[in-house]
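Inspection log for the structure reproduced underneath, given as structure tokens.
Each chain carries a letter (A, B and C) given by its place in the written order, and its residues are counted from 1.
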Amino acid sequence: MRGAPLRVYAILYLLFLYAPITLLPLFAFNDATIIAFPLSGFTTHWFTDLVANAALRQAVGNSLFIAAMTAIFATLLGLCAARAGAMARFPGKGGIIGFVMLPLVLPEIIVAVSLLIVLRQVLGLNLNNWTVISAHVLICTPFSIAILNGAFQNLDPSIEEAAMDLGESRFSAFRLVTLPLVMPGIISSMLIAFTISLDEFIIAFFLTGANPTMPVYIWGLLRFPAQLPVVMALGTILVALSVTLLIIAELFRRRGLARAGIKDTGGFL
Amino acid sequence: MTALIELKGVEKHYGDYHALRGIDLEIRAGEFFSLLGPSGCGKTTLLRTIAGLEEVSSGSIRIDGRDMKGVAANHRPTNMVFQSYAVFPHLTVAENVGFGLRRDPRGKSEKARAVEEALDMVGLAGYGKRRAHALSGGQRQRVALARALILKPKVLLLDEPLSALDRLMREQMQLELIRLQRQVGITFILVTHDQEEALVMSDRIAVMFEGEIGQLADPETLYRRPATKRVAQFIGKMNFLPGALSADRREIDIAGLGRVATADLATSGEIDGAVSVGIRPETLAILFEGETAPRREVQGVVSEVVYYGDMTYYDVRVDGIDRPLTVSMKNLIGRPVLDVGAAARLAWDERALVLLPG
Amino acid sequence: MGLGSFAKSEGGRAATLLAPPFLYALALLALPILAVVLFSFWTQDFMTIDTRFTLANYREFFDKPIYGVLLGRSLMVSGIVTLVTVLLAYPVAYFLSFHVPSHRKSLWLFLITIPFWTSYLIRVFLWKVILGYNGVINSGLVGAGIIDEPLSFILYNVNAVIITLAHAFAPFAILPIFVALEKIDRSLIEASRDLGETRLTTFFRVTLPLSMPGLVAAVLIVFIPTIGDYVTPELMGGAGGKLIANMIQTQFLQLNNAPMGAAIAMVAMVCVTAIALVFVALNRRWLRGRG
């Protein structure tokens, strides 16, 4: 197939992907309550409204806490799985890794209702931030594994052996050689898990406690037309934040490749 | 000389797969020792069990009189140069070379001097500040060498260290490794699948097949008196002819060549049962116009000609032998290259024959 | 090999390392799904759960037409979304793999994945802004004098749901296809050209069959999760655009009837799994039939 028409198509496709997001800043700074064209004028008071909203501030705080915990735990579990993945086979290994990766293809509502049943009906627990965290760790771990697998598979397996041969114990060899080499992968995994958790709604809506997470709070706002410009302002900030985090994650991933002396071949997944 | 490394009945199993089957081996102090064999013969596994990177399934390994059972790689007096060199990509050359000195009680400046000396020894003086991943293959290997030698191990283990280099570089490094080994006086154990490399570099060679040692000898013995057909084929080229021993075993009747006194033949030990006779291609010669054989002669017809530049290999059919004999001839000035179908008189010498089992 | 030596061997250490993520997934995924299965055979008795085994929930599912209609609509929407997404994504993945110079590939991948990482809720809501009665498209078209009345067939119905989902799952479809295309040895394509095939026939005889694993992965990774989405139908679908996931959500959170919700979730999951398995099997047979 020829390149030129494909290139035009690919660029149109990118425009299609970006079209909705470009609307965000337009309406976030638009001086009108109704989200429609034509635009009325420039204002920043939707942003000041945003900052003044105490309930929203609390929701953001919840979400940041949940996202941070999720990032840490998902990356720890991902580290275990990815390192095991790079090591020798044992019976059932492929199946176990496949099972751990399952949440990647499972409909999120299934994860949500199954956890809701266990937590509420079976264990009789109250829903709180930790119930959301437990579910988010489950769905973020496969992403962490995918990212860290890349980091571990780029490693020469002799490198850790060389460190042990030169006098280091198994643990200090891991700490001195493997850890620095996969550190960019760890950071990029934490950022990705953080981003996923911060934005996740379908599961959080089921499992959130008395204090809603930010997406659950936004969901509530969407019902009130007067609040929509504030949502636009919040969305603008979130997109800017996500893009920043992603760029940092990507830079770390590339630095990891450069450190290991490998040519770049692809993206995150 | 006493044995520095003693292996007794070393076995290694991976499930049903037997990588090593009862290896008995003694390696002397200061020796350049090679483990030679085709891929999958267990030579790398054997090296890794000595390094402590693999545990033996049974048997014992002693280094310098000390049993190595349960001793991890980091506590063994061995260091290794890995096939991939395993140079740490996130460190500089000097940090790589000084990696093993972390627990060394010496001061910073003394360690730095030691690193400089080690780099100097492998011809990398002044490279200390470079990033490791920016080095060429040959330079990485030198870093790996310096990194191991700086710890002054009793034994240096080299796992196919030259296989990733191009031919010119490889030949240069072979000579350099020999020089280095003589300079430091450390026992070197080299794993290689390249018979030429093993012959050039080693004091002694253990040829391995399928987890067992086929023959252990110095290079010349290995070449002149291979113990089996398999060893003979792995080291150089050899023609095999069926032979029949006389009842008193004093004479042997060789297909196509005739009777020879058994005492004239080289052999590596007593042989029972069926015998073959081996002849290296370079010990046969095609006789040109006016030349006569110093000892024995046989008539044949050229069936194949392969021209190598400095040499020409001929296949010569001889009555009474199933397969043609391969003969190698130096392409001397004035000596023509024969065509297929040409008649050829072959000169041979019973002293160059090897008596082999099978 | 004894247990002790297995624990010390590399395989043993790998198994030990794999234990935490495995146990976590076992406790928070396998056991909860088992609980869903169990609940689907129980009934809600006002405020308490009646734990006698019964098929009442399943009977209700198949007796009342509403569930079947919702499930059918869900499968149809997911099917169309999958078809549209994968068809639209393939040329992009192909372009990325074959026409973008290798040092530029990661930049393109990065650009494609960025929108996916921005808040899903807000992206869905933005489509409402685009497609709405006073939305970007309608106000644009009315303003330009092309239409007099705003178009109403683009919001609060199944069409709107399909457009929004197709947009949301676009990168999911591109990545696996791209990976599969990247793995194709370029000399195979040159060999096909050398053996007399045109660009187009080479694509159908070599490139497409070799990229099939990526295509299958793309189909599954779009089809399965879209069944579980209730946000898009809730915001975009209006009354006639509700899907099975909305019903599950309603049973659990509004009607407080967990056993019925569990039964619906079970039926939906079994349907999705069955369709996915049939799809994979058909694809295998097709590939083998060619080979």
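Quick note on the criterion: a contact is a pair of C-beta atoms (placed from the backbone, for glycine too) under 8 Å apart; a residue touches a chain by one contact, two chains touch by 3 or more.
Going by UniProt, the chains are A = Inner membrane ABC transporter permease protein YdcV; B = Spermidine/putrescine import ATP-binding protein PotA; C = Spermidine/putrescine transport system permease protein.
No experiment lies behind these values; they were computed from the predicted model shown.
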Legend entry - Centroid-based (C-alpha) most distant chain relative to subunit C: B
Legend entry - Chain closest to the assembly centre - both centres taken as Cα means: A
Inset, instruction - Mind checking the centre-to-centre distance between subunit A and subunit C? Centres are C-alpha means, answer in whole Å. - result: 18
Inset, instruction - List the centre-to-centre spacing of subunit A and subunit B in whole Å, with centres computed as mean CA coordinates. - result: 54
Inset, instruction - Calculate how many whole Å lie between the centre of subunit B and the centre of subunit C, each centre taken as the average of the chain's C-alpha atoms. - result: 58
Legend entry - Overlap residues in subunit A, where contacts from two or more other chains coincide: none
Legend entry - In the complex, subunit A residues that touch subunit B: 156, 158-159, 161-170, 173, 176-177, 180-181, 259-261
Legend entry - Touching residues (chain side subunit B, partner subunit A) in the complex: 51-53, 72-74, 78-80, 82-84, 86, 88-90, 99-100, 102-103, 132-134, 144, 147-148, 151
Inset, instruction - Flag every residue of subunit C that touches subunit A in the complex, lowest number first. - result: 9-15, 17-22, 24-25, 28-33, 35-36, 39, 49, 88, 91-92, 94-96, 98-99, 102-103, 105-106, 108-115, 117-123, 125-127, 129-130, 132, 134-136, 139-140, 143, 167, 170-171, 175, 178-179, 182, 199-200, 203, 220-221, 224-225, 227-231, 235, 245, 248-249, 252-253, 258, 261-262, 265, 268-269, 272
Legend entry - For the subunit A and subunit C complex, residues of the former touching the latter: 1-3, 6-7, 9-10, 13-14, 16-21, 23-24, 27, 34-38, 76-78, 80-81, 83-85, 87-90, 93, 96-97, 99-100, 102-111, 113-118, 121-122, 134-135, 137-138, 141, 145, 192, 195-196, 199-202, 205-206, 215, 218-219, 222, 231, 234-235, 238-239, 242-243, 246, 250, 254, 264-269
